[in-house]
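Some structures to go through are shown next.
First chain A sits with chain B, and in the next complex the same chain sits with chain C.
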Partner chain A sequence: MFTELNSILNSTPDSFTKGEFILVSDRQSDASFLIHHFLSFYLRAQCKVCFLGLGQSFSHYCAISQRLGVSLAQAKEKGQLIFLEGLKESLSILIPQEGHTENQAMDFLRDPTVGLRSLYKFVQSSLNSSSSGEDGTEEWGPSVLLVDDISVLLSLGVSARAVLDFSHYCKATVCSQLQGNMVMLVRCDGEDEGDDGDDEGSELLLRGLTHQCSLTLHVQGLPTGYCRDIHGQVEVCWRRRQGDGQHTQKKLFQYKVNDKGASFFARGTSSAVL
Partner chain B sequence: MLSELLQGTDTGGFLVIQDSSSCTGRHLLKSFINAALNREENIHVLGFEVSEEELAEGLNTSAPQRLHFHNAYSDPLGWTDHLTFTVHQFCFDELTHLVKQTSQSKPATLVIDSLSWILRHQSPPAVCKTLQQLKRGGAVRAIIGLLHADMHQKGTVGSVCHLTTSVITVAPGMKGDEAVAKITKRSKSGKVMQYEEIFSIKEDLTVIVQSKPSHLEHKQTDPEEQQMDPTAHLTFNLRLSDTERKAKEKLALPFVFSKEKKTALLHSGQGSGRILYEPDANDDYDQEDPDDDLDV
Partner chain C sequence: MAAPVDGVGKPSAERSPFNSTSFQKKTRSKLISIPGTRPSVQNGQLLVSTGVTSLDYLLGGGLAVGTVLLIEEDRYDSYSRMILKYFLAEGVVCRHELFVAAAQDNPDDILQELPAPILDDVAIHKPVDQPRLSCEPQDSLDAMKIAWRYQNLPKVQSALASTSRFGHYYDVSKTMEPEIRQAAKCHHFYLPEHPTQSSTTHSPMIESYSALLKSLQEVIHREGFDIAASMPKSRNILRVGLQSLGSALWGDDLSCHDNPRHSHALTTFLYGLRALLRSSLAVAVVTVPSHLIQDRALMGSITRLCDNAIALESFKGSERETNPLYKDYHGLLHVHQVPHLNCLASQLPDHKDLAFKLKRKQFTIERLHLPPDLSETVSRVSRGELAGATMVASACGSGTSGTKHLDF
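And now, the complex of A and B:
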């Protein structure tokens, strides 16, 4: 959890806006440090978290979360964290073995044109089970869905259209029905795609998700090139009208990722410069 | 022009609000809905993209029986078997049935949020056909649709906008609150007029139209929250006094090729150093003839 980012977004684990769809995007950069922030943030806020880890293994997230002071293994045991390890589960579909039941959620690997309905069902069932109220389970806070990252689905053959339908359904269930939050990471490779509006492609997916979300964090490298002390810039854009009538607000920050977190500062005020 | 459009489209009118990911057109769409509610019209909203609560925020709710929200947001594809409006129901017969079911005597205005959602699942010709049938049929008096222009190919956007009587394209404006609206209006006689206006939307969804944009205006930067003064909080002094500033401005930079330098180089001045050279025999050393005795 990065304290500076919390103050930028005006949220703390005790009080944050509910029903938000936060889109984290990057262009020729790596925004996954923000996913680690949100993961530790929501676990600390005692929320029930469903994490679709499509890009990395569970032990990767465990190791990084440990440095941020959160134990994923413990959260998983307590039932607070439901983790879909995409890399491992995909093997159950691609190389079926007797004795191992395949995970329905990754059904789209067999036939990408079918869409992500079964993945959505997985998300729905894992976040809805908290309302069953079994004995011995703790009362968790609002449900949260984290996806890292959703562009992987494009490379697996799923069309941008199907991914947008999936994110729509997740938003309808998680944000509107359960009044929880949703964070998705989408990555663009920044290539020029000529005439915009082509059916496939990460740019279309990014634009579609931007229309759906209420807060975007766009990570890019510095326009002037590589810098050892400043790793890039983050543009935060609030899309939904705030309660005090302010229109969509945009703020630009620069950041540096270090061992135990990341620091954010206004442009030109990095500690290496001043 | 924007205010005139807000005051009510003619019967059979089809208005499309085009927006992009950098500037959302939903606030303008809500202003249109609010204006129609204030005129005591019946409105049917096909809500695909946002929930009813989010769309109803800020709308005039004094007469809820006039605003009919058809929930196409929770389950538009039939994945969870809720009995809500699905995208496959977007055809002339179903829509006429839907509107006639709940409407009173006056024909209603149909608001579609958004057309992009439908275009993602139905082919553009089918959508255009349905829209044209709705325009001609009597159940619906006017149609207002929201279209995300950056989500489709130019041809698709063009085909849908061809059916319209007016198109409003929303783009971000110079200042934070403002947006630029480019309006194309087709009148019944076939004449097409284009307008460009700057507008902003207040909290109660009224639209304020400012003067037309001037191309000579420089882009105004948003007032930053903190004005960072880099010369503050330092252990050394970086500020300049007035005399120091004047001296700094007078200083000629060393590598700037100014007129004075050019004349100084071309005409060497009097009293400047001159080089006098008298050839010395020892300087005449020839590599190929070191003893200077070859007869070449």
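And now, the complex of A and C:
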């Protein structure tokens, strides 16, 4: 949990807006540090978290969350965290073996044209099991879905449209029905957003998800080039929908990631520069 | 993260096997040492050397065990093949096991061309070379007269020293001796030897990649490179070298067509490779002919699915070969990705303008230095000529030749 980011987003583990769809995107950068922030944030807020870790192994997230002060193994044991380890589950499908029971969630690897229905069912079942009224166990806060990262699904052959359908279904379930939050990481590659002929996959996905979400954090490299002390810039964009009509508010920060967290500062005020 | 420095020695009954991957936090327990590896100074990951010491430095000390290094080949595949051979030769010298897969060359041929290590302190495994026992006091010629207290101590063995050294140097003009090479265990995957059965699944991965992944998993299970496996013998590292993945010889039309039919075969394979490596004590180097792949977005997702990614751009055949600025170097090297596993921050290299040079005894990667333009006559004449030419063109009736720099 990065305290500076909490103050930028005006949220603390005790009070944060519910029903939000937060989109973390990056372009030729790596925004996964923000996912670690949100993971530790929601675990500290005592929410029930469903994490689809498609890119890295469980111990990677464990080690980083340890440094941020949250124990993932403990949360998993208590039932607060439901972790889908994409890498491990995929092996049994990519290399078919007899007599090996596999998790249905990664079924799209068998045939990507089918879509992500089984993955959505996994999300639904894991988040709905809490509200089925298990007394005796602890009461968790609102449900949260975290996806890291959704562009891996594009690389595995799933079409952008299927991914947009999946995110729409998840948003309907998590944000509207369960009044929880959803955070997704999407990664883009191109230098400019102009050519939509080539890269119809990830640009289409980014645009579609940006339309669905209520808060975006877009991470990019510095426009002036590579710098060791400032790792890039984050553009935070709110798309408020309640009450006084829809108005967007944008803020731009520069950031630097270090071992224990990330520091955010206004443009040009990095400690390396001043 | 790289393989656990701690958890390898523990019996697997203590942990549930499904939680063990190669990435575990280092705890304070007995350190197990696998020859040819060392823990990283930044975050305790287990590192192996790529065989090229300057590349090790660029990647943050070495290749973390459990990760994939992607090398985007240069146009004639000369230097990327060289780095692959360095990687395999380092494995032979450190007594790791090798797994070589290729579709074009027979892996045996690749292994015969490995460069010879520079042998100051590499202990060649010769069975006849037994350390002499100290119970030979009758040998009066060897009896020490002054340091007689040291007479009965055993002779020093140099074998231990070589295994603790990280990164060796190789002489590319000689090939590795067969006896050194045969001491290392190698597994081959030569694609023409594996007949492809037509698969009935709609999986995006093509048959050659599926066969390769399956064969690699079999080797890992059989030889005990799984993290979760509890093998009583000492652990070792498996070095996997995959040559020219994505080329047409693997049955992949990624490099032939603008809109390939199997556009996601290689990316699905790399995902499966990452899944395999994260749960075993193995490290992979994959070379991809990226100059043949037209789709830049696909190349981007291939890069993101590998942990380390470098690209080589050689000057051979281009006009830069004769450019005096680049005369000291053989090509440029671009670092596209450096992983940050088990930690938030990554160690990006300081400079982005790197060039490499293959010398006989070393493959050096250094920052591209433009030499200072010290020769006064050369530069001034060239500038003077240019100025003189324009002067002659513009001024009418000026009879000077214009070669003099100072012209009143």
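The definition used in the following text is that the second predicted complex is superposed on the first by the 253 of 274 C-alpha atoms of A that agree within 3 Å, B and C clash if a C-alpha of one lies under 4 Å from a C-alpha of the other, contacts with A are read in each partner's own complex, and residues count from 1 in each chain.
We take it that contacts are C-beta pairs under 8 Å (C-beta built on N, C-alpha and C of every residue); 3 or more make two chains touch, one makes a residue touch a chain.
What you see is a predicted model, and the numbers here were worked out from it, not measured in a lab.
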| item | value |
| --- | --- |
| Partners on chain A (chain B, chain C) - clash or fit | fit |
| Partner chain(s) touched by A:Ser263 [first = chain B, second = chain C, both, neither] | neither |
| Partner chain in contact with A:Asp189 - chain B first, chain C second, else both or neither | second |
| Contact breadth on chain A, by residue count: chain C or chain B | C |
| First (chain B), second (chain C), both or neither touched by A:Ala172 | first |
| Partner chain(s) touched by A:Leu164 [first = chain B, second = chain C, both, neither] | first |
| Partner chain(s) touched by A:Arg110 [first = chain B, second = chain C, both, neither] | second |
| Closest approach of chain C to chain B (Cα atoms, Å) | 9 |
| Residues of chain A contacting chain B in one complex and chain C in the other | 198 |
| Contact set on chain A toward chain C in their complex | 30, 33, 36, 56-60, 62-64, 66-67, 73, 87-88, 90-91, 94-95, 109-113, 151-152, 154-157, 187, 189-190, 198-199, 201-202, 226, 228, 257-262 |
| Chain A to chain B touching residues, read off their complex | 117, 120-121, 124, 161, 164-165, 168-169, 172, 176-177, 195-198, 204, 206-208, 210-212, 239, 241, 245, 247-249, 266, 268-269, 274 |
| Residues of chain C that touch chain A when the two form their complex | 1, 18-19, 21-25, 201-205, 210, 213-214, 217, 263-264, 267-268, 271-272, 274-276, 278-279, 295-297, 300-301, 304-305, 340-346, 348, 350, 352 |
| Contacting residues of chain B [partner chain A, same complex] | 20-21, 23-24, 27, 49, 51, 53-54, 73-77, 79-80, 116, 120-121, 148, 150-154, 156-157, 176-177, 200, 202-203, 226, 228, 230 |
